[in-house]
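You will see two complexes here that share chain A, one where it goes with chain B and one where it goes with chain C.
Then we have the complex of A and B:
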């Protein structure tokens, strides 16, 4: 039994703090070089018209939007240009990694509110995820500035002009919400709010580490209490902004279509990815000799989180699908029809990798307790939800010209390397275990 | 009427005394019937040498039964016995079957688990509660040792072993 020995708080000084070693730096640099090389080669091939798919389309009709919200269905734009796919790829990865970063903060926040003790020992890992938020924020805004017209059909002002032949009554009706200034304000606001609360939570957490007398501090844990207040504010903001961000960044690609489940659907996908990412992070750190006091019970709980929220995602996915399937209204079914016909393999693979795989694989108790098995599950789930976001974003933007090629792979390698770089640097700046957290003792003796 | 069984009952105040005591008493070769605690004590199950429950495996099998049952039933009724055109869908619209199949899986596995638990613990209507010492629902940890199953030790031996390991009052004999 790993958890039945008494661990004194003084033993925590034996815990090795994380070091951002030159070796890791070198590995990440290699990954960045490889990713960039793939990206550049891929783009060069694109400029030659290789790898863009649907090469046989002549100019002027570009039917990739397939009417599913009309994304990209703007006649007269001429042949498909590769920059559009590049913007879509950037958008896809930025939205995906924003989710992981945000869920890290969310995880810390809801554990403060739930007064949950067990994750205290691994808390620093999700806590550092938030550090990546400004980067994806800047990328999202830059892509919107450069390629907003390519990705979002609703950004074309003639759609809102009743005298224009392209006047679109449905989209014009949404002008109060879907207009460029408000969109930019919202996006900036999300990142500012999220990042400010991340900084406050992080600051409290680091200040707590400087406390000298642990037992005196636990009588009045000021930093802990303040963290609780910030966490509560964050959760309220998070609840609203994840839904609206999902509408803005993902659902408005197919601007004619809407689903009231969409905010939850995106949140579910983000959440399970973030949980898998932090489980993977913790397990890999443990494999490298850190987190001596993380025992199989902590791993078990992380595994249960992935298991539970994979099912939650499936529930949301299915709830959205079933109602549209059953009601069978053309303007609603077009969203799924487009995906089921043109992305048939991915559409069904999405359910297999994100539901059947974690459900059956993580069901036995042992699978949630063995680091290797949790690693396999986490990698599968993260990859699966990357595809899930691919399925949300690509059909409405690049449609038939989409694919997973050199650029997509290179870009995701760049994002992963960047994410690890930023979070590892932040992790190395503080103790790997928040040693003065009032619930640290409970976490050290976690047993289920 | 079943024959009455003789038990020696030891009362402990503190779980930090109880846990080492369980370990030592078992090391002496005394078989402990059970320990009743007012709240869950971590590691008590491992110290008592309990095997992991197999209820999870039973749950999986019951769940699989529920899934099969639902799919068979709905497919037969709506697809073969009395096919009906509902909303222009196929006669076997798989997505429509999911909610019912899910509910049936949950229902059969839940009822099955409750039933398995009751049968395996010998519980049921009319069962008399086993209460060695009512204070085990208050603030005492109560350890019961079945004398019939500990033929290697005399009653006096067991009382002596309990006393060595920190019981807070004289161990008493209870017949159930």
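Then we have the complex of A and C:
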């Protein structure tokens, strides 16, 4: 069994570093072309009024007076325009991929604080995820600038004007938090803070690679210690900003609705997606001949993480749902009512794909140790949580005009290709294994 | 093979003997931990501690008698606040009862080797805390002999049947399951150690101990197969108890959160209660372990590294609780629900502002000291803060329960809650129960899991780490060469 044999640090020179090959570039370019083509065809069809639906979701049970919720026809904007759905699609993917990128940084950070040894060998993979943050940050800001009024009901000035017939007392009460300048400042601040700390963590990690003598270095691992400090700062910021970002970007879409759990719910969904993305990345790299020293025990632990945090997500989902269902207060139940009636299939499918599937599939030990099975589980979970975010964002923005058509598929292909491009380029720039990380020997001999 | 990183701190320190330090051996572990079990129960300090605990139990027994004989009128409850002292203490004790199983189950799944020195006492503490929590339920029932009515038993009383929609019934199931699994987990962990004590008693010719510990150790024979089964069972129980750790306080939180009372109905309650429970549980483990470590001279096994690790859990869970407080406060405003906003403003600035201030300063501010390594490794600071945290967590429950109830929808019904001396006595009863059980445990059972500490001795001892840290590029290169030659 792997892990029983002694691996000397000098053996690490046999590990092949990642190369961003022309072949991979070509594959990604193809994906981008296909994605763009689907997107364009989809948009052309939309302009012809095809695929903008409402037909899939029956009667359109948009709760009345429920802000931006529901059909999207409210608010006196006339007929539904396809750009609104395009903005929503962009918003959905950007929020989703921001989460994956951010969880990569989070994973690196909390493993410093937890002094965990085993993930050291695969650490460079999540370490590249943060590189994608600026891209989603720019997209989010651009979409907000262009389509903020389409996505966020609370951005309309007349709601805050007591003399206007559209005056909304409840939304007006939130003006201190829900106003455009503060929203933009917050969003910019999140990305700046996250990215700065990501860059610092990455910098320390790369500097550590330049050390010549591992044994001398571990007597006073300065870069490791500094990483610990940056990690602690990041975790504190992360703990606060994931909740506030979730309120800003997702919860405020349904501007009247509120739930104290929502920040942690979004975090749970992001986290398990990020873990699945990492596992998938590692397993695919191993299939391509990289990561010689990643053995089934590392895969097992990644699998356990997906398993455990799928259950965690379910726990948070259930706690939020049960308490709202049980108390049965109309202001709160409206959120679920809208989703259960107009998005019935997805509402229940969400639980199946994100709970039942990983729970049953990853339960046996073998399923967490075989690369093929972990791959299947990871793809399922990533897709499932993409749907989860779809269910958080679409009902309140485009409502009955939503759907998963060519544009949605094309857009997600573009995001995936872009994400792989950015992270693969970063991965190729450094050693695939942080060879001087003080915990590297524990990781090399990981055996459970 | 086991490899330990040079940056890790040792978990078993060297032993000091005649002013000289030497490597701790397997035999040292047995000796150091069996010593107090095998000594006669005549240590004056232990006797004094038992006496004090029994006095508390006795005094509490009297107030408990009054509670049951005269009824709940003996308590400070009134028409507006029909639920205060008892439920606060119940939740407080259940929360404390979270650390043990977290340490033995979740930390086992996370392969945290430092758990091995503290899991035994933490699990024992858990069981006793859950018993204390349960005693408040019995107190509140008034007719404790009818307690089995809380179970869905077939009966001939017509429509007498539990209400499955009630989170209080969920509590019955959650807590009894948790208690059962915790006891099983704790006891199975004890078996190999009890067998060690049995073998030592046989060797010394101590017939009584050999008999008692012989029965308690269930015929443990220490064969490879038995050990394999032991490990398998530990893993299965860890898997079972992990969701249980979360479920118990989740359901306790639902006692409040399923209602419509402002300040109680909030969706963040389940995970935030769990975090708070772990927070207070770890604090109680620290309070008890710091004393045990000192009295039984276990400094080599419960090191500053162990204390620091627990303090890290405290700063983490304390901060999670802090974020939850702020989230609740923010959403109360953001929701635009005036009752909700009022409930929170009243908590902070109303007549119970001092309870709120105590909760905020003890739970949110005080653990922040543990961001500093020197304070995390300071025994005195840790001891004081571990008590402060549990004071804070008591006030948290008091604030949530009493401030939300004492302002009725009708201002004419507004009221205040003051505990009576019977309330206080009932609380003292549980302290008496808790410490009586804990001191009995500490005397007659090994407070540290010898078998598991032995299992991590080789990979985590100070001697091993010094060897790992002493390596240099040259020494490793020559080692590898020698290996090649073979």
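The definition used in the following text is that the second predicted complex is superposed on the first by the 428 of 448 C-alpha atoms of A that agree within 3 Å, B and C clash if a C-alpha of one lies under 4 Å from a C-alpha of the other, contacts with A are read in each partner's own complex, and residues count from 1 in each chain.
In this section, a residue touches a chain if its C-beta (ideal position, glycine included) is under 8 Å from a C-beta of that chain, and two chains touch if they have at least 3 such contacts.
Small disclaimer: the values here were computed from a predicted structure and weren't measured.
Q: Could you classify chain B and chain C on chain A, in the superposed arrangement, as clash or fit?
A: In the superposition, chain B runs into chain C.
Q: Going by the contact rule set out at the top, does A:259 touch chain B (first), chain C (second), both, or neither?
A: second
Q: Once the shared chain is lined up, is A:365 touching chain B (first), chain C (second), both, or neither of them?
A: Touch partner of A:365: chain B, not chain C.
Q: On chain A, which partner's contacts cover more residues, chain B's or chain C's?
A: C
Q: Check the residue A:326 against both partner chains and state whether it touches chain B (first), chain C (second), both, or neither.
A: Both partners.
Q: Contacts for A:117 in the overlay, against chain B (first) and chain C (second): which applies, first, second, both or neither?
A: second
Q: Who does A:311 touch here: chain B (first), chain C (second), both, or neither?
A: Only chain C; A:311 stays clear of chain B.
Q: Go through the superposed model and pick first if A:447 touches only chain B, second if only chain C, both, or neither.
A: both
Q: If we overlay the two complexes on their shared chain A, which of chain B and chain C does A:336 touch? Say first, second, both or neither.
A: neither
Q: Tell me which of 256-264, 292-300 or 454-462 in chain C produces the clash with chain B after alignment on chain A.
A: After superposing on chain A, the stretch of chain C hitting chain B is 454-462.
Q: Which residues would you name on chain A as touching chain B in one complex and chain C in the other?
A: 3-4, 322, 326, 445, 447
Q: For the complex, give me every residue of chain B touching chain A.
A: These residues of chain B touch chain A: 42-43, 46, 52, 56, 60, 87-89, 95-96, 98-99.
Q: In the complex, go through chain A and note every residue touching chain B.
A: Residues 1, 3-4, 318, 321-322, 325-326, 328, 363, 365, 445, 447 of chain A touch chain B in their complex.
Q: Could you list, by residue number, the parts of chain C that touch chain A in their complex?
A: 1-8, 109, 111, 243, 246, 250, 254, 257-260, 265-271, 312, 319-320, 323-324, 327-328, 331, 334-337, 371, 469, 471-473, 476, 480, 483
Q: Chain C touches which residues of chain A in the complex?
A: 3-4, 6, 8-10, 113, 115, 117, 169-170, 173-174, 177, 213-216, 218-219, 221, 224, 232, 236, 239-240, 243, 247, 258-264, 304, 311, 315-316, 319-320, 322-324, 326-327, 329, 331, 438-439, 441-442, 444-445, 447-448
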